[in-house]
Amino acid sequence: MIVQAFELLFLGMGSVFAFLALLVLVMSAMAVVLQRFAPASPDDAPMSPLLSENMDSDAEILAVAIATARDASNRHVSGC
Amino acid sequence: MHALLDGLMQLWHETGIYLASQGDGWKSVVMVLVCLVLLYLAIKKEFEPLLLLPIGFGGLLANLPGTAEFMTAVPDTTRGAEAMGAFLGIFYYYGIESGLCPLLIFMGVGAMTDFGPLLANPKTALLGVAAQFGIFTTVIGAVLVHLYVPGVDFFDPSNTLLSEPQQVLRAAASIGIIGGADGPTAIYTTTRLYRELLGAVAVAAYSYMALVPIIQPPIMRLLTTRSERAIEMKQLRPVSKLEKILFPLVVLGLCAALLPSATPLIGALMFGNLARESGVVQRLSDTMQNALVNIITIVLGLGVGMKLSAAAFLRPQTLGILALGLLAFAVATASGVLMGKLMNLLSREPINPLIGAAGVSAVPMAARVANKVGQEENPHNFLLMHAMGPNVAGVIGSAVAAGVLIAVCSRLAP
Amino acid sequence: MHALLDGLMQLWHETGIYLASQGDGWKSVVMVLVCLVLLYLAIKKEFEPLLLLPIGFGGLLANLPGTAEFMTAVPDTTRGAEAMGAFLGIFYYYGIESGLCPLLIFMGVGAMTDFGPLLANPKTALLGVAAQFGIFTTVIGAVLVHLYVPGVDFFDPSNTLLSEPQQVLRAAASIGIIGGADGPTAIYTTTRLYRELLGAVAVAAYSYMALVPIIQPPIMRLLTTRSERAIEMKQLRPVSKLEKILFPLVVLGLCAALLPSATPLIGALMFGNLARESGVVQRLSDTMQNALVNIITIVLGLGVGMKLSAAAFLRPQTLGILALGLLAFAVATASGVLMGKLMNLLSREPINPLIGAAGVSAVPMAARVANKVGQEENPHNFLLMHAMGPNVAGVIGSAVAAGVLIAVCSRLAP
Amino acid sequence: MIVQAFELLFLGMGSVFAFLALLVLVMSAMAVVLQRFAPASPDDAPMSPLLSENMDSDAEILAVAIATARDASNRHVSGC
Amino acid sequence: MHALLDGLMQLWHETGIYLASQGDGWKSVVMVLVCLVLLYLAIKKEFEPLLLLPIGFGGLLANLPGTAEFMTAVPDTTRGAEAMGAFLGIFYYYGIESGLCPLLIFMGVGAMTDFGPLLANPKTALLGVAAQFGIFTTVIGAVLVHLYVPGVDFFDPSNTLLSEPQQVLRAAASIGIIGGADGPTAIYTTTRLYRELLGAVAVAAYSYMALVPIIQPPIMRLLTTRSERAIEMKQLRPVSKLEKILFPLVVLGLCAALLPSATPLIGALMFGNLARESGVVQRLSDTMQNALVNIITIVLGLGVGMKLSAAAFLRPQTLGILALGLLAFAVATASGVLMGKLMNLLSREPINPLIGAAGVSAVPMAARVANKVGQEENPHNFLLMHAMGPNVAGVIGSAVAAGVLIAVCSRLAP
Amino acid sequence: MIVQAFELLFLGMGSVFAFLALLVLVMSAMAVVLQRFAPASPDDAPMSPLLSENMDSDAEILAVAIATARDASNRHVSGC
């Protein structure tokens, strides 16, 4: 059993690494290709950590992080 | 009059007080207390209340003596209407054993997740790889516990369908996946491999996710120097809408090419994300993030709670699972941080190793923790968006790890 | 040409007009008229439209001649895909016969209910006890009707699984629970005990709940003096958040200790209420009160409507059920008011007996009626919040009564 | 059968009474204990029937009664 | 080490890349490309994205090699928990094969539809009759294609339950209903008659509905003169609330009287509309239009996507279906316009024949197209509300046509 | 088969015509009866194509067409 568990470790970490490393390659390639042929339009929001400097509460920082997603639900909950 | 006394006597013999005082009844009382602790943690300490409140209440309902027939009976479709099951049993059978609820919640997670920070800095995905190390070392740990810790074993001799090594590996994988720090992934994996542990695994996974702000910082501080923690990272580039639309398709494509057993989780996650990013099905994306995920959370929570039965939970194994789950979180955090240090050494651009700890998933709590620990050293350090990259990569990483665990453990020879 | 005429003839023989003119077809036409009356009451008179509109429309759909195959076929899971049932049949089988829909609606009721007025003045709960007297006297009434009213009996000789006393008691209990003035409780109880009466019981329960402003005031005026009706009650104390959070757990605990058969109803109600009062799962509480309860109401209404078949409804029994249901409401109201008078005599603080009538449940209509009748005597008398105490206690009381009925009737010797 | 129906009456009313009477006791005890050890904070809304005196419409009175519950759904329906 | 290589080999033999390179694996790759085209059309061209995005993604998931067990397995209720099916299979089986999803979407359509314009000018309903001509001519066309186009046939010899004429007629009816320009009607009809074609029929129906602004205008211009297109119609009269409330009941009554097999579709549509117009169940109507229809759209889209399997889709028949579906839309448009010209000749009040094209359904796109083509000739011509009459009549018309197809094809002698 | 397909054409178009023609008759009769006994109240909105004249965008025209239905969902989506 212990052998199989180590086998799982190698196969598993190998698969996860292979998967995400390939994903890194594809994402990087995509970024290069798209920036050449379809550059980001000005309305694509930049993700600025500096924006956060004016924030004072923990909750506001979180709000940026999961911004759009919680937006919808917050609006729903707060009713307006 | 005699009939009346008889009726009274029968009602008395059906009361919870009478039943709890008979035989193993006291175990139910202990489980009720365990569930009340869960509710306390959920309500007072706000430990992942969206999940732990329904799970705790489901556990309460499942452990009330004498209610099995009304509460936890599981449907047996081969027997027709006579065995259609009861309240929690129906939720468990159709919602969880089928795999639907964790997948639909993952769909909602996909619709709520912005993969932009990962796209802006792809190589932070590697931090999401390292953090999965916690899963697999815990699998080994669970096997060692089974073999060498007296009284704690993950083998049920009455289960004749699976041999001992099969059972132990499946149980170990279910325990290891706690280290994925991702509720739906942990629940889905456990239902595929070893359902007996579902209650304990789910409780451990959500509890430790809630404890991330307590578990992670000491490990992060131990493994990094002050100057490393103070590293500022350069602003992320803007990511175009097209990149965000292509991303879910790329991830699904890789998953299909490399690891079909991970496609249910990855597929559901990426369907939700495509609905979000495509911008043309706003109604559906809203529903996935709100009405649907809320309804499914209720069903999932109550159904998982049902598995907190005394027989399954009040065993030394549960302590083993809790200890191993904590180990998984700790190893995952450490691996992520160490990988962050390595990447900082090798990379041209500075990388703050703290964001490696966010690779464990636990979105967005772990990213928030990385940001906070970083600001303790350097108040001008805003790591949140940078930590979101490994954070969401960790979600994908643990779904891939779950796929490997399911694939390998399902085809083990007996 | 010949084939065309043949086809035309066959289509004609399948038309509703043709089928309604054959054999018992006219009964369907009568049921269609009954359902149109229900829709009229729901839309024009606003009789509990959220339930009676779907029930009435479901009844329409179920009684259209020649549509059974497309509409009301019930799933037969032992036969596989060939018998998966049709539209209403699926709703009925998975939603109502399983008990899920009434329980999920009760969960929504729990999330909508503020038990604060009851916590502020606990002894008003006793008014909710008295009002359950209507349920049990009606059970006796139903047995008497079965025994002594010619042509009205609650015994189906073709049902060989249950003896005559078993059937009669189960039917009587299903009729009695109408007096609980609580839709989900009545529907849940009837599905557990005697499904044949589901259509009539549900229609009677919701109709009389809508008629509370007409049924109750004369009884309330008859049993109280002007000065009693003018009694002002002292302002309710504030209730802390902690009391509201502990309340659902206390109720569930008592239920589990005393009456396991009531735990599905009480458990669902209290889960909804805990989600509401805990304050940490606002999303889930909102969904329970809106999207989920609305969806389930549609399913429940159409499914219950399906049981308004001519064979089940166009029988003298239905008149008996309607008469007994009215009796149940009247007795419940009277018992509540008389208990209110008694408590006013015994209590230090003044108690307006009118609030006893709110103990029948029918939230919040009955509390509103108590307030209105009180203001007729004394325009400065605001009983609404005081009446909410017995009103919500009545919900718990009828769920407990349902538990007793289910427990006792289920284990009757044949 | 008639005997069994009366049996149901006694068992049923007895159970309902036992249940709710116990509940009254527990609620009263809880109120005493909590008011000593965790008194109601000022933000726990008092339930004032006097509040209602200024109300003119039936609908508004009802609105108070089922306040929070319907709040959510009304907001939802009215869109704001 | 050897075990590790073995494990690696096994994982490799399960990868999508390996499986796609074996035997018929390439077909899956082609289907993946087809699904990516669907997603492109949904996202970039906004072709009915609410349906085509889930259908396309469901198709992707269903065609990933090696995932059948995790994705598309259909429940087999006779075998108990061992065969409860997987993700998409469960959606398909319980949501679509049962008929529930199309009916619930139709309920939502009813709740969203204002039949006022039809009530204000009833005779425009006849334009909705004419447009159904496309359905039935396409049925004939499909039979001709089966008989005379080599390589394209709608007969599966391995299906021993249905004879060749039965299969061909059922398939032809499923293809013809594409001309109804109504997604739920097309899906419901196909699941009742010939499920093998479900994927192709649904894709064709939604694609052509999205293409209405391209398909219809040339036909409309070809068949009308400039002066006809410039005709202005007189303002519609106001319609009372009572008329709108009675309308759904009248339609259901006619349907029940004449064509019971159309009652599921018409019943669901009219239940939604009654909920809308009654004004007393706003909560339910809102839920039908939002949370419920969104959830069901997700389930329906993914479930329909599952039927886009290579075996079912990559056949010459699919090209035949696409061609016949286009024919159906064209004939329906032409019939509607010609009927409009005839009515303009016979009627006292002027009728702009362009509104006849809106009789195909495709609400509200076709009405919008009629308005736009009309404004090209006469900028002061506002046909939109006038075109909504035939538009919504077309919805009823195609549901009735579906009823006839189901009734006749179901009872064909073998 | 081809005969059966033509049979379907006749039965089908006949049924659709019969159904909708009857519906036209009933709707017309209903309009006459209701206008006599229950005339449309002033708050029943007239459906004026003239209203559209002030509209400049395609989207606004559509908005009128499916007015109330989408209302609810738009409000829901826009949160206010």
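Things to note:
Going in written order, the chains are labelled A, B, C, D, E and F, and every chain counts its residues from 1.
Here, a residue touches a chain if its C-beta (ideal position, glycine included) is under 8 Å from a C-beta of that chain, and two chains touch if they have at least 3 such contacts.
Being a predicted model, the structure only gives us computed values, none of them experimental.
Ranked by how far their CA centres sit from the centre of subunit E, the chains are topped by D.
By residue number, more than half of the contact pairs of A-E reappear in one of the listed pairs C-D, C-F or A-B, namely C-F.
Where the sister copies subunit B and subunit E meet, the same residue numbers recur on both sides for under half of the interface positions.
One finds 39 Å separating the Cα centroids of subunit B and subunit C.
Note: centroid distance subunit A to subunit C, computed from Cα atoms, is 50 Å.
Centroids built from CA atoms put subunit F at 19 Å from subunit E. The multi-chain contact residues of subunit C, meaning those touching 2 or more other chains, are 7, 11, 77-78, 258-259, 283, 286, 290-291, 404, 408.
Touching of two or more other chains is recorded for residues 4, 7, 11, 15, 72-73, 76, 80 of subunit F. Those residues of subunit E lying in contact with subunit B across their complex are 7, 10-11, 14-17, 19-20, 32, 36, 39, 42-43, 46, 49-50, 53-54, 57, 60-61, 64-67, 70-71, 77-81, 84-87, 90, 290-291, 294-295, 297-298, 302.
Per the touch definition, subunit C reaches subunit B in the complex via residues 76-78, 93, 97-100, 103, 107, 245, 249, 252, 256-261, 263-264, 267-268, 271, 274-275, 278-281, 283-284, 286-288, 291-292, 404, 407-408, 411. Partner subunit F is touched in their complex by these residues of subunit E: 111-114, 116-120, 122-123, 125-126, 128-129, 132-133, 135-137, 139-140, 142-144, 146-147, 165, 168-169, 172-173, 233, 235-243, 246-247, 250-251, 254-255, 258-259, 276, 285-286, 289-290, 363-364, 367-368, 371-372, 380, 382-386, 388, 393, 396-397, 400-401, 403-405, 408-409, 412.
Subunit D makes touch with subunit B in their complex at residues 3-4, 7, 10-11, 14-15. On the side of subunit F, the complex with subunit E involves touching residues 1-2, 4-9, 11-13, 15-24, 26-28, 30-31, 34, 38-41, 44-50, 52-53, 58, 61-62, 64-70, 72-73, 76.
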